[in-house]
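Right after this note come the structures.
Two complexes are shown next, each including subunit A; its partner changes from subunit B in the first to subunit C in the second.
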Partner chain A sequence: MSGGAVELINVTKYYDRTLAVDGVSLSVAAGEYCCLLGPSGCGKTSTLRMIAGHELADRGDIVVGGRRVNDLPPSERGTAMMFQSYALFPHLTVLDNVGFAPMLRGVPKVERIEESRRLLSLVGLGGWESRYPRQLSGGQAQRAALARALNARPQVLLLDEPLSALDPILRIQMRSELKRMQLELGLTFIHVTHSQEEALALSDRVVVMEDGHIRQTGTPLDVFERPATPFVADFIGGHAIFRGTTGQPGNTVLPSGEILHTQTKFGTGTPVALAVRCDAISFARRSADDNSITARVVTIEHLGALIRVTLKTMDGQDFSVVIPERAERGTRLTVSEIISLYWTVADTRIYAEKQAQPKAA
Partner chain B sequence: MTDTALPSTKTWRPHTRGRLDIRTLLQVSPLWAILLMFLVLPVALIVLVSFWRFSGFTMEPGFVLDHYRDLFRPSTLNLYINTLRIAGITWLITAIIGFTLAYHLTFDLNKPATVTIKFMILTIPFFTSAVIRTVAWVPVLGRNGLVNSSLISLGLIEEPLNFLLYSEFAVILAYVHAMTGIMMAPIFNTMNRIDRSLIEAARDAGANGWQVLRHVVLPLSMPGIAIGSIFVLTLVVGDVATVRLLGGGQLGTVSVAITNQSSLLQFPIACANAVALLAIVLVCIAVILRFVNIRREL
Partner chain C sequence: MAAARVTMAAKGRNAVFVVFSIFLYAPFLAIFILAFQGPQGGLNFPLRDPSLHWFHDLIDPRSLSDFRPAIGRSVILALVASAITTIVSLAAGLAFRRRFTGSATLFYLTIGSLVVPSSLVSIGIGIICSMLGIQMTWWGSALGAQLTWTLPFGVLIMLAVFSHFDRSLEEAARDLGANRWQVLRHVTIPVVAPGLFAVALLSFMLSYDEFARTAVVAGSENTLPLELFAFMSLSVSPTIYALGTVTTLLSIGALVIATAVLIRSANRRRAP
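Right, the complex of A and B next:
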């Protein structure tokens, strides 16, 4: 088995009158781990299901492994889907579940059983062949569903929020299993999730979607360091977003009246959004021309090695700052305290609102 | 104030299962009374009387196995064969039609409103009296009835078809008409609960329509089919009115025999037949339940 490339060209999907996917174009290279990331209703699941063939595209082309597959049924596209609920057949044993696709094709029983056993030990379920799905834990059910999908010998594996039903520790464990398996098998994985942590951890390529559109694609680091729009900056997490209006050249004025220095070519009076990485903000001024902002501490979350402090600016904008726990010891914050925060001007990204044009400061 | 004791109230304990106290006993006693009076005692009485002696005119308490021995006479065995044959054919036809209807309601329709309307069309007519519905077959199937008259005036036949009425055909037809809804409803109920993503998963693996039906829908509908089958079996085997009204005098089933014997006051043999019939039905149900797990549907 080896991976196939997937290409979407201007794919559109309507549900009755609602536009779910709006002219989406995407290129996934063979053997790549691609995550579709976005909030509920952004069209990521619809897109995945259109690649799978479980939904029909209203417009556009879907190409898998060099073939246009719009008119092909799901089983002939070279894709296999792993469902969010795993969709294991409750009346069949794990072995029969995994051997389902070959059984339909008429593969002889001996061969089928042997191949299914091999796949089950590959996913770590060796010995569980005669169990029924109701006897499996969440993680085991997922492995079984994975083995079943792999038995269809796909070029592309499509995963619909596979980790959502697992508890946090298991989620992290299964995450690295999925990555390991993808690398070992060399398949193309397309994985839908609403968890930015998952997307950042797993993907070679992240596709951030909103309202049926792709807002940005790139490597996780690309998207995190250079978000294309305020939405992406916000959704990918780890950014503080401030909204204001440009004033004098090089200045942005917040509703609270505070002035931040930003380098921009936008004209005076343009509404803008600023994005700063949460870990770039500190409680101590490091240089004379640092930007600064005044805010009230709302909550202090002790997350183990990190502290997340959520704050509200004087004009009511919420944001958070993340600092290592050891650094916090020097500051001794209290809730409701009003403090000043600082960051380097160069760390500020500025966007004109209603346009997705980023300008690095 | 040094006294910190709270005013004493009755001790409250959380409800635990299986605890027997007077309140629990009182709460279950109405159901127990009904089951005792209308189920346990009558059946016990029937079993008891089935062993009593019958002298030709009267019965007297005793313990004889004569009546059970008599069950094995060819004429009696014939009754049982008839009964089971009629029940079997009815079951088969209603299962096929019921399954198909349930499938249509579940998978072919998109709007829930349509499903409800069609379901109601299929079931509400059966709220009318069963006897009236059975009797209504007479003018439909009779020699001068609806079917024969239409066929004759269409020129398809010259003589009326006699087998339509007062025959096993009529009895099975009436049973199928009456029981299809009863078979369809539990199957629909179970089928509706099938996770649609299972069907998608099957298609994803390459199943065509028939394969989805055979490997996913049918196995997962079995609890509903089992429940419907139990209903149909017990109702057909226990019914006497349809056979009387539509079967013509010649069709003998166990239920008819029991009522005949009862009207002749031959209670011991009637009871023996009843017990035998009950035993057969219980065995059938046990076999069904052995192979299908209906617990999750209850």
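Right, the complex of A and C next:
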């Protein structure tokens, strides 16, 4: 088994008259772990299902391993899908589930059983061959579904929210196992998720989607450090967002009247959103040029070594900051207290608000 | 206190269960006992000189009351009706998963046919057969009449079964390389099999003891219920009780086997 590259060229999907995926273009290299990330309804699952062949694209090309696969049935695309519900066949044993694809290919029984057993032990389910799906726990069902998909000998594995049905501890464990499996097998993985944590932890490439469009593609670090739009900054998490209007060149005025220093990118009077990484905000002014804002403390959450403080600006915008627990000890925050927060101009990213943005093609 | 209340509730529940069972089975029990009436005994209690006399009468080809041909016809008819109902209900269940033109109308027409009085259906079929010059037989017109009864039930059951069906199972099968036929054979049918089994069983029983719809259209040879009715109006002897006992025990036996099969297949899929 080896991975195949996947390329989407201007792929569009309508459901009745509703536009679900709007001209999405994307290329995923062979052997890459790619996450499609976005809120529900953003078109990520539709995109995955079009690659799998369970939905037909209304426009555009889907290329897997160098072949245009638009008109091929799911099983001839070189892809295999792992379903959100795992979709294990309830009337078949784990072994027969895993051996389903070779059974259809007409592989002799002895060979089929041998290969299925090998895959089951690869995913850590050795000894569970004769169980039925209902006798498996969530994590085991997922392993069985993975083994079954691998037995179709795909170049590309498509995973639809594979971890969402698991409890938090298992989710993190299975997450690292998926990654290990992908590295071991060298397959291309395309994984749909609404969890930014999952996407950041797993991907070589994160694709952030919103309203049927790709808003940003890049490495997790790229996307986290340089979010392309306020939506991406907000969705990927870890950013405080302030909305205001550009004033004098180099200034942004918040509804509260506070003035923040920013790069000059847009004309005066443009509605803008400012994004600042939560961990770049501090309680102490480090330089006279620092931006500052006054806000009321809403909640204080202790996360161990870190503390997350959610706050509300004077004009009612919610945001949060993450600071080391040691730094907080000096200040002794209390709920409802009004405090000042500081960050550097270099850490302030500025975006024009959506309505002013040219419409994406 | 709590324990006492629980016991009271349990006692109440048991009492309801006993009354319900008596209500269901007491009439049959009377017939079951009277089937062993002696040769001189009558249709009512008391039971005189218990014997197997009337059971002998049942299988004596010389007697008026040889029900075996009628039983044979009824079993064959029920098997055929059950097979057709199962296949058509499966097809309808598959079809109704998509909304097609007229699907709602078809659904209500199906349900509606259940409220048309049975004897009217029978007479209607009789009229049409004589209009078209079709000879009425138990395996032709009577089968048709019974299907108007078994099909709507079968379709309703399969609609309920498919409403719980996880379509991603079929997608997964296609994803792994199954064509339409293989999806149906290896996934869809096995998954809905308990439902199909229920349809087969119910339609067999509906057909086996169907009277009103079959009455006018069965032609010259009677099914078992028709034969029983004719026999009762002709001469009444405890043979009828013997017959009732035999057929009921056979039916109960078939039900027990069927239920055992169902439970086994359900257990196989559940936790140990």
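A few points about this structure:
Note that the second predicted complex is superposed on the first by the 354 of 361 C-alpha atoms of A that agree within 3 Å, B and C clash if a C-alpha of one lies under 4 Å from a C-alpha of the other, contacts with A are read in each partner's own complex, and residues count from 1 in each chain.
In this text, a residue touches a chain if its C-beta (ideal position, glycine included) is under 8 Å from a C-beta of that chain, and two chains touch if they have at least 3 such contacts.
Because the structure is a prediction, the values reported are computed rather than measured.
Superposition model on subunit A: subunit B and subunit C are shown in a clashing arrangement. Greater residue coverage of subunit A by touch, when subunit B is weighed against subunit C, goes to C.
When the shared chain is aligned, no partner comes close enough to touch A:164: not subunit B, not subunit C. In the superposition on chain A, A:310 makes contact with neither subunit B nor subunit C.
In the overlay built on the shared chain, the residue A:70 is in contact with neither subunit B nor subunit C. Contacts of A:105 after superposition: both subunit B and subunit C are touched. Contacts of A:85 after superposition on the shared chain: both subunit B and subunit C are touched. When the shared chain is aligned, no partner comes close enough to touch A:195: not subunit B, not subunit C. Residue overlap on subunit A between its contacts with subunit B in one complex and with subunit C in the other: 52, 54, 73-75, 80-81, 83-85, 87-91, 100-101, 104-105, 148-149, 152.
Looking at the complex, you find that subunit A touches subunit B at residues 52, 54, 73-76, 80-81, 83-85, 87-91, 100-101, 104-105, 148-149, 152. Listed in rising order, the residues of subunit C touching subunit A in the complex are 166, 168-169, 171-178, 182, 186-187, 190-191, 193, 268-272.
Those residues of subunit B whose C-beta lies close enough to touch subunit A in the complex are 195, 197-198, 200-207, 211, 215-216, 219-220. Touching subunit C in their complex are the following residues of subunit A: 52-54, 73-75, 79-81, 83-85, 87-92, 100-101, 103-105, 132-135, 148-149, 151-152.
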